[in-house]
Amino acid sequence: MRMDAMEAAINALKLVVIFGMMIQAVPLLVWLERRGSAFIQHRFGPNRVGPLGLLQLLADAVKFINKEEFVPGKGHRLLFFLAPILAMMPGALAVLAIPFSTPIEIAAFDFAGSTWGPYLLKVQGADIPLGIIYIFGVSSLATYPLLLAGWGSSNKFSLMGALRASAQMISYELAMGLAVVGVMIIYGTFYLNEMIDMQQGPMNFMFMGKEVIFPYLPNWGIFYQPLGFLLFLVCSYAEANRLPFDLPEAEGELVAGYHTEYGGFKMLMFFIGEYGHMIVSSSVVIIFYFGGYLIPFLSTEDLRQLLTGFVGEGAMLSLATSLVYLLSFIIKLVIFLWVFIWVRWSLPRFRYDQLMDLGWKTMLPWGLLNTFVTMLLVYLAHG
Amino acid sequence: MTSTVLFYLLQFLILASALGVVLIPNPIYCALMLAVSMIGISALFFSLEAYFVAGVQLIVYAGAVMVLFVMVIMLFNLKNEVVAFSKGLLSKVLKVSLSVLIFALIASSLSMSFADLNSSQLQPYESAMRSVKELSALLFTKYIFAFEAISILLILVVVGAVSLARAKGGTHASDK
Amino acid sequence: MPLTSSLTEISLNHYLILSAALFCIGMFGVIMRKNAIVILMSIELMLNGVNVSFVAFSRYQNTMDGYVIVFFVMAIAAAEAAVGLALAVAIFKRFREINISSFEHLKG
Amino acid sequence: MIYQLGPVLFMATLSLLFGVVVLFLVSKVGPKLKPTKAKLESYESGISGQQASTTKVPVKFYLTAILFIVFDIEAIFIYPWAAVFKDFLAEGYGSFILIEMVVFMATLVWGLFYIWKGKALDWE
């Protein structure tokens, strides 16, 4: 699979676009969060700058850029600056592996005196082998920025916040790791694309050698793994360090947690990391349990036939299919991001011991139970 | 050609950070260097098409073991050490030369063997999932005993952890 | 084997020499450093060097056994680090430092 | 092969570069004020004096990390098992591999029970 210069350039451009989208999503999400919280709490939220307050984001950006540079006197300068830079990395690397839509065919074209293509452009940063393992591996690095921020600021509240945050993250990462075992057993693959393909059509499975079909339900993972889904969702909230699990930042006890000493753009970078995490975990939930970019009750074949009437055959068809699926994915993503925000502004905060108890004494045993029940059911269903 | 450049780049990254681990006096930087080295090795496994092992390297080493190291250093709040290295010029020279000697020995013996296995003879794997399945088929049949023994080993670690928990107080308990 | 091809083509030897270098750096750290935690880190480095050679052998000889062994090495290394650091914590609570010379005071 | 690594390295470099460049530019744009002594002190809600080094940090955090490692390794061994479970079932070795994993998991559930009883999971 050698790439020529053009294909490499297209792919590099695609990666830049994906990274830019991740960065761009942050102000939009912040806006959504502020307006959403205002809506929930019966306030107005930012509504002065531009239509619906949308330009508030620009004003905020200008404010962030104009902040004074500050390093605490006793802080470790290198680590203090390294932490926010690294905070963006796990999110960016994990977004890379997420398939947003079906590939687009690009017909052969002439450019700079020679013919290039045809190419198959994936709407995905790169088709990383064993996507789940890769995403888990990369997101397990997310504890470092927190620890470095806590250590680099030389502030006892920062350090305490960092330790709390990392203990919380690893605890819930564990339950998350066990919650997905059920998914792995059901699909028997680690590839995200293959998982999505398996969720086509109506719900059907083999039970005791007989084929069972439920035509009124899509073949989505959530109907096979309801408990796994619940565990995974709660763990992804805890991993993103958001309310009701935002103990590391608990203002009442720890000033502001690991980013007490941070301000301006460095603070924003931690936010980019946090929202990147939200985007990744929402996408992963969609891929595991909600059919990825698939549209319920409409198979890819039907969709292609439907679109042929509008755009005809060939490269345009693949582009149209891809766009429709991308839209479907984005709608699901927005729903899940909204749930993130909704939960944050509706539930009270846990106490730290309650949080750890929930992680170790509830999520972990239930994760083990889910694994056990899934393997037993798969075994029995096989007969 | 690009793959060769990438390989040397990775090799440089891994070895430089490994040297950082043993040469930097401040333990927190040592731990970070080791984490970089682990991530580099994971990338090396990735380039060898051992995707699963690469992921496990990230999850277990970079994500769990190194976090433990960094956490312990933070708990102790270790600053720059006064005595980071062992004392005595003679012993230093001896130790450096011993390490270099062993490396030279291994490297020279390597150059006499295995020289015929180069990358042109590599067959690409059918698919990454296929090789994961082969790996686990081996793990759960041929190495079944070792697999079950791991669970006993983990139980032992748990016992150690609990005994640690029973000892009361924080890290700085003695200075109340 | 001519030198140019050994530079442009990555052979098994490249990986083995990397592995040997990692192992020796780790060993150097073990005999040179005084801090128990850094010594544990150096041991991890040595084990990683061994892992590299296992994976490279497995890849170049087209078997899967090496990968399985790497799994076990990782599990054991993680367990070793956990227990070793638990010892370091115990030592630190007693002597307020983790210089390995503190271990000399341990008597049964 | 190594080309699979390309996008990953590219993305890592991109986000690293973005961070470094942006932080550099922002440090050029922002106002330069000479920091006072009080400002440089670590922020502790106005109460100054206490330093991080005298804080007592509970060993609990470290304990959590150990237990995390133990169960993380367990999860790592379950993943390849989950990948092949259906294949083994199809070939008729389902009971064998099921029992194998049940034994493995039972050992660790026993471990979980032990730490639960040993009060290693209790945060006061």
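A few points about this structure:
All chains are identified by letter, namely A, B, C and D, in their written order; residue positions are counted from 1 within each chain.
As a working rule, a contact is a pair of C-beta atoms (placed from the backbone, for glycine too) under 8 Å apart; a residue touches a chain by one contact, two chains touch by 3 or more.
The structure displayed is predicted, hence computed values, not measured ones.
Comparing chain pairs A-B and C-D by the number of C-beta pairs in contact, the larger count belongs to A-B. Each chain gets a centre from the mean of its Cα atoms; for subunit A and subunit B, those two points are 29 Å apart. Centre-to-centre, using mean CA coordinates, subunit A is 34 Å away from subunit C.
Look at where the CA atoms of subunit C average out and do the same for subunit D: the two points lie 21 Å apart.
The distance from the centre of subunit B to the centre of subunit C, each centre being the mean of the chain's C-alpha atoms, comes to 5 Å. Listed for subunit B are residues 3, 7, 49, 51-52, 56-57, 59-60, 63-65, 67-68, 71-72, 74-75, 129, 132, 135, 139, 150, 154, 157, 160-161, 164, 167, 169, 171, 173, each touching two or more other chains. Across the assembly, subunit A contributes residues 128-129, 133, 159, 163, 166, 170, 173, 177, 189-190 that each touch 2 or more other chains. In subunit C, the residues that reach two or more other chains under the touch definition are 71, 74-75, 78-79, 81-82, 85-86, 89. Chain pairs that touch one another, listed by label: A-B, A-D, B-C, B-D, C-D. Taken together, the subunit B residues at the contact with subunit A in this complex read 28, 32, 35, 39, 42, 51-52, 54-59, 62-64, 67, 70-71, 74-75, 127-129, 132. Residues of subunit D that touch subunit A in their complex: 3-4, 6-8, 10-12, 14-16, 18-20, 22-23, 26-27, 29-33, 35, 37, 39-45, 50-52, 55, 57, 60-61, 64-65, 67-68, 71-72, 75, 78-79, 82-87, 89-90, 94-95, 98, 101-102, 105, 109, 112, 116, 121-124. Subunit A meets subunit D in the complex at residues 1, 3, 11-12, 15-16, 19, 23, 64-70, 72-75, 81, 84-86, 88-89, 92-93, 96, 125-126, 128-129, 133, 153-160, 163-164, 166-167, 170-171, 173-174, 177-178, 181, 184-185, 188-190, 255, 260-261, 264-266, 269, 352-353, 356-357, 360-361, 364-365, 368, 371-372, 375-376, 378-379, 382.
By the touch criterion given at the top, residues 2-3, 6-7, 43, 46-47, 49, 51-52, 56, 59-60, 63-65, 67-68, 71-72, 74-75, 77, 79, 124, 129, 132-133, 135-137, 139-140, 144, 147-148, 150-152, 154-155, 157-162, 164-167, 169-173 of subunit B touch subunit D in their complex. Considering their complex, residues 1, 3-4, 7, 11, 14-15, 18-19, 21-22, 27, 30-31, 34, 37-38, 41, 44-45, 48-50, 52-53, 56-57, 60-61, 64-65, 68-69, 72-73, 75-76, 78, 81, 83-86, 92, 95-96, 98-100, 102-103, 106-107, 110-111, 114-115, 117-123, 131, 134-135, 138-139, 142-143, 146, 150, 153-154, 156-157, 160-161, 164, 167, 169, 171, 173-175 of subunit B touch subunit C.
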